[in-house]
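In this document, chain identifiers A, B, C, D, E and F correspond to the written order of the chains, with residue numbering beginning at 1 in each.
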Amino acid sequence: MSNLSITQQPEILPQLRRESIRRIVEQGQRADGRAHLEFRNIDIIVNPVKTADGSAIVKLGNTVVIAGVKTSIGVPYPDTPDEGALIVNLETPPLASPEIEPGPPDENAIEIARVVDRTIRHSGFIDFKSLCIVPGKYAYILWVDIYVLNHDGNVIDAACMAAVSALSATKLPKAIIEQDQAKLIRDEKIELKVDKSKLPLTITFIKVCNSLLVDPTLEEENVSDAKITIGVSEGKIVSIQKTTGAFDRDDIVSIISKSVELYSKLRDVVLSKISSESYSYIRI
Amino acid sequence: MIAQQSEDLRRIVRELAREGKRFDGRAPDQHRPVRLEVGVLSNADGSALVAYGDTVVVAAVYGPREVHPRHLALPDRAILRVRYHMAPFSTPDERKRPEPTRREIEISKVIREALEPVVLLEQFPRTSIDVFIEVLQADGSTRVASITAASLALADAGVPMRDLVVGVSVGKIENLIIVDLNRVEDGYGDGDMPIAFMCRRGLITLLQADGQWSPDEVRQAIDMAYRAAGDIYRQMRDVLKGKYIESVRALSQ
Amino acid sequence: MSNLSITQQPEILPQLRRESIRRIVEQGQRADGRAHLEFRNIDIIVNPVKTADGSAIVKLGNTVVIAGVKTSIGVPYPDTPDEGALIVNLETPPLASPEIEPGPPDENAIEIARVVDRTIRHSGFIDFKSLCIVPGKYAYILWVDIYVLNHDGNVIDAACMAAVSALSATKLPKAIIEQDQAKLIRDEKIELKVDKSKLPLTITFIKVCNSLLVDPTLEEENVSDAKITIGVSEGKIVSIQKTTGAFDRDDIVSIISKSVELYSKLRDVVLSKISSESYSYIRI
Amino acid sequence: MIAQQSEDLRRIVRELAREGKRFDGRAPDQHRPVRLEVGVLSNADGSALVAYGDTVVVAAVYGPREVHPRHLALPDRAILRVRYHMAPFSTPDERKRPEPTRREIEISKVIREALEPVVLLEQFPRTSIDVFIEVLQADGSTRVASITAASLALADAGVPMRDLVVGVSVGKIENLIIVDLNRVEDGYGDGDMPIAFMCRRGLITLLQADGQWSPDEVRQAIDMAYRAAGDIYRQMRDVLKGKYIESVRALSQ
Amino acid sequence: MIAQQSEDLRRIVRELAREGKRFDGRAPDQHRPVRLEVGVLSNADGSALVAYGDTVVVAAVYGPREVHPRHLALPDRAILRVRYHMAPFSTPDERKRPEPTRREIEISKVIREALEPVVLLEQFPRTSIDVFIEVLQADGSTRVASITAASLALADAGVPMRDLVVGVSVGKIENLIIVDLNRVEDGYGDGDMPIAFMCRRGLITLLQADGQWSPDEVRQAIDMAYRAAGDIYRQMRDVLKGKYIESVRALSQ
Amino acid sequence: MSNLSITQQPEILPQLRRESIRRIVEQGQRADGRAHLEFRNIDIIVNPVKTADGSAIVKLGNTVVIAGVKTSIGVPYPDTPDEGALIVNLETPPLASPEIEPGPPDENAIEIARVVDRTIRHSGFIDFKSLCIVPGKYAYILWVDIYVLNHDGNVIDAACMAAVSALSATKLPKAIIEQDQAKLIRDEKIELKVDKSKLPLTITFIKVCNSLLVDPTLEEENVSDAKITIGVSEGKIVSIQKTTGAFDRDDIVSIISKSVELYSKLRDVVLSKISSESYSYIRI
């Protein structure tokens, strides 16, 4: 693979549909009836996957993602000998959309995984020191694998929600040291320490005809003039990723303050969904 | 893992088998509860979720559609493209690396060859019909559950078929033939035989085996699998009839 | 690479030739004069390759394969700490056929290697415990590399024959422990323990116009309605791999019993070829 | 590296920040000396070398030219192809492996998206405009220096643009907002925010952040970056005016 | 492997060389027995097996045939595609990994460039002539044996050529120039020079060297190689004349 | 990747330009006014890259390459337990020429890197034993990465010059042993031992209309009938690599003696450039 980033073929959307979506936005509404700053319906299934150490399925309208956490033991990085590691991977398997061919993660998947990673990492949500087993020698590695099952826009916010929901529900296999070797006892589990008050979430805005919209559908993404994702944790901005288009300074200032406002509501929704301790199984 | 523990488990599983019993209490010819859902993914032309006990797979079908790159197209019929893939969190113990393994490549091939005899490919020359399967949770028998899911997703997509293909595994532990292996039985047994049937016609479109089998045991295994497949087939028809009588016209030919 | 299995472009065989081959089969014969259940001429050259620890060239009619065994030292798998390992790899380099482009093994090559591996593994032919050097720490790894030099059908049976012939003739380099490290002394050799009574072999059947044929040529494979491979060892079925088409239950029952019958004859042929201890060199 | 040493360095950098000072003596809003050269590579249609202090990048532009493979071409405009790559010897400590990392793939994407709003792609349908960037020496802020270099190389190639894009990074250490981070400040600071501006129009075409920022700090950071970008923009105009007035006709539209 | 053993072997090989002798008893200018066979693979358009002592290679030629993908085709001549590959069991000691190494990639290139001057590519525009070489057993001089095998396979395929190319290696141990190195001489010598000749015309189409050579030694080496090549060339003609007079018409032009 | 070497599409050079270049050569001259055996202007910047342990930029006319040396610690090869290692890598990133697409090194880049490697290795320029840290356990690995920034012909001679110039200026980070582990202290540097009297250089000749030319431009390479590179060190031939075309014996004899003559002059030029100890920075 060569890291050559190429202007992407836009999905073919009939000109009429395109204009209709934009016109509705100009009239202060959206094609699916939502307000500009309203998220789609959110459904979260916590720990549906028995083979994972933690997992979640998130449905954001018709966008469906599943995240699973697996644990392994590694050597801490030299500059943080008393911390464990987080590795976030996102794949868009070809079942998610007619546009996707099978293959290793492309630049879009890599970007989303890296933004989700940064958002979680800088929020203080995970206590990385609690993942240390033997300083400088052994630490937990948390592998968060996110799979997109149906892509109807705003995968990044759904992916971040799924990752933090899965981590919230993660139980680590106990680590023991035998003959100077660390091993995991997968039958004995200890809870992963997370600080739910710092629950990190991303909020994605698009700009359409000078209006700002959150949680865009795929159609809305395709007619948007610009797109940006803000990672928020407890009122702090923990990541920003502008993708397409351009924004002026005032747009950004407005987006930042809107994202902090929306965050509180969104966090409450997510926390209420993930704290319901009912039996769960894989359903889509 | 702890070698001693798994050794204990192996002993128990095998002792039970000598008494004609199974670790999870099932009768030898009893398959696990089956859960079948169709139309679960809105983007796909057809989709299905299939659970055999704790094994859960989801399948999506796209097509018939244009082939890329074009030189792969066939002038007289559609090509089938099949991908079987296990999510990294779908296996117990270690995370599975997401890159396709040799095992996944082989299974993608045999699933394709299990479906090709039923899909009316000749009706859609120069196109591709794509079947994408993701194993979300693996507790044995993933490839046969995948075939069942692929079948349902194809029917859900309205792709004309000669029959529904149903997958079932059979295994052998200490001379006991059992149906629908879970992971423990697969790991500690003496043989594994995944089978797929075109149920109405009684044809076999997938057959693999490892372990050691006498010719007579092979016969018993096939017959036991066929009975379980018939049971699952009836549930599939119910699920499809409910909503999809129209699109599965091929079934009633 | 993506694990996408795609319907294969059939080799172009003129319609007349196609019909002719099938008609001859319907008449109870075969294009090359063989009976339906008759193998082509088998030639086996044992240990032609001096650089290998064991090797064989198998010619099955015009199909030619070469197998070489190389030994290395590895760490036993945790669940079998007292056993060594077998790794079977098959490649079809582009010299084997006009249809093959250079590249890593495709799904056909991978499938054959895996079926040969399972056939050998489940037969009891190799005493895996005899490959242990220090339990839990060091064991022999047997690398069996099979190269197809000329592809005229039924590569799998030829490949399996070549692999077991090469293993039958394999001499392991002696392993020593020096400063807690295992090393191989390639000048001192010990015989690999194999149980020739359990010699595993595959027998491939195709179905053409409701007849069952063994050891198909490439042309016959291309006109067949279905294909299946049965691995046999000492009267036991140790592997099955249906590839193309469909079989009914009675076909399978018949194939299984035929494969057990044919196995005895085939094993005798192979054993007689590989036990002739004459000087051998690489010839095709 | 020696953990103790880097711990000491971190402490010093952060203590200085609490006093409003920087390790290399700069004022918080002071960018490093900038070196800009254009036309440095004879084969490219346009090229530039940009140094922000000890960060040195070179960019080359080829095109508009034919697209290979053709199916990537767009009927109504040019495609932009961007590659950001770090030479193996450009980083301190360990050799960087030459294969593209996930970080480089992401940065190639955001640089492309930082340039697309200014290049008049619609003037060259069915063609490709290629921007290749090589980081030769990295001392922080490589992606924003790369954007500045790409901008200059595009202008040097005579590619029509709406504006020049200028990249600047801002960072935060112990509540001190600073501009144009070097590697030490990037490594031991509390936040990093690379930004790119279309300078005449004041539009933002790249904006990323990590660390923790209050909304007010984000505002401060953007404004501080904009002032530094303006300064660099004037130097870019000087460099381009000197030799290339003709080819940058788009600038004076 | 055992460091002491190979050290002993090295000493012996080098001591013998100082007395003008070789480890396997050959005279310095004596090549190993050569075995040449053509038409060994029934699928290929032409094929050959070549043994230089215990070095055994097999080559197959396909073509002239259509080029895939088409954009690689040249309007005025055929392209040559060459692959040199070593089987994993062809080397002593460790198994060689089957993936192409940098060494194999380089050798594929120099073999192609050794053959291009003799093949009448201009007679077959827009086609490809493919030469695939597999080293089955390696005891030194594999690339030159491969060139000889490729030459024979091309002639066997009836591909028109200006001449036959013959490969021979020369080496140097303790100032002794020797021809047709085996693995021990290659490993413990002071220089290695693989050469290929268009034998009738006396032109050199492959020449590589490592080690240290005086200009005079280079001259000696080339001349020694040329004599050995002439000898092998006569054997090649015999093998081809026996069965292929018809198809090697180009030889008698 | 498959190691398939394919006849390369020649760069399109107008027929008139082609003939003109060849005619000028026949008249004993060259398109750029040089004599047949004259190199283009050589400029060498030594140690411009602060992040490298040694570096050089070489400009050979319009051909520009940059080489950087980085050091790491590895385990010595079993057959040379008391020596360090040299690894040469060359890349032609797409900025170097309109003909180059991004991707891993192709056969041309691999060939050049390997010839430069052999030329340095066999010259005795580097004392590999001085790179040993603990015999059989730890040794320095010298990574020489060469990047072509502008390709106007004869990359190989420029690459070799850049590599030896960078190595001449290399300072190794000090190695220490801590708890039986070797580590590099990158702040403390020791000079790499090189023998400048043995400075290895390659000299590339092309044959055009029976004339021999050195240091070809890209245009000259494209109209040449044959090409060969000779590696020289202190009057000895240390590598040869014929690439395109064919040479007769007398050509080779003549090329060898010319290369030895030219070497002395070229070495003096290079040594004088690299011994000027002025402050240097990256410029092209």
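Note that a residue touches a chain if its C-beta (ideal position, glycine included) is under 8 Å from a C-beta of that chain, and two chains touch if they have at least 3 such contacts.
It should be emphasised that the depicted structure is a prediction, and the values quoted were computed from it without experimental measurement.
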Number of steps on the shortest touching-chain route linking chain B and chain D: 2
Most remote chain, CA-based centroid, reference being chain F: B
Which of A-B and B-C has more C-beta pairs touching across its chains: B-C
From chain D, the most remote chain by mean C-alpha position: C
Inter-chain centre distance, chain E versus chain F - centres from mean C-alpha coordinates, in Å: 27
Distance from the mean Cα position of chain E to that of chain B, given in whole angstrom: 51
Gap in Å, rounded to a whole number, between the CA centres of chain D and chain C: 57
Junction residues of chain A - those touching two or more other chains: 2-4, 101-102, 104
Per-residue multi-chain contacts in chain E, two or more chains: 1, 83, 85
Complex contact set, residues of chain B against chain A: 1-2, 5, 37, 40-44, 47, 49, 51, 54, 56, 58-60, 62, 65, 68, 83, 85, 87-95, 98-99, 130, 132-134, 136-139
Of all residues in chain E, those that touch chain F in their complex: 1, 3, 6, 72, 74, 78-85, 100-106, 108-113, 116-117, 121, 191, 193, 198, 202-215, 218-219, 222-223, 226
Touching residues on chain A, where the partner in the complex is chain D: 1-7, 9, 78-79, 81, 107-108, 110-111, 113-114, 118, 121-124, 228, 233, 235-249, 251-253, 256-257, 260
Chain A residues within the chain B interface of the complex: 49-52, 55, 62, 64, 66, 68-70, 72, 89, 91, 93-98, 101-102, 104, 143, 145, 147, 149-152, 183, 185-187, 282-284
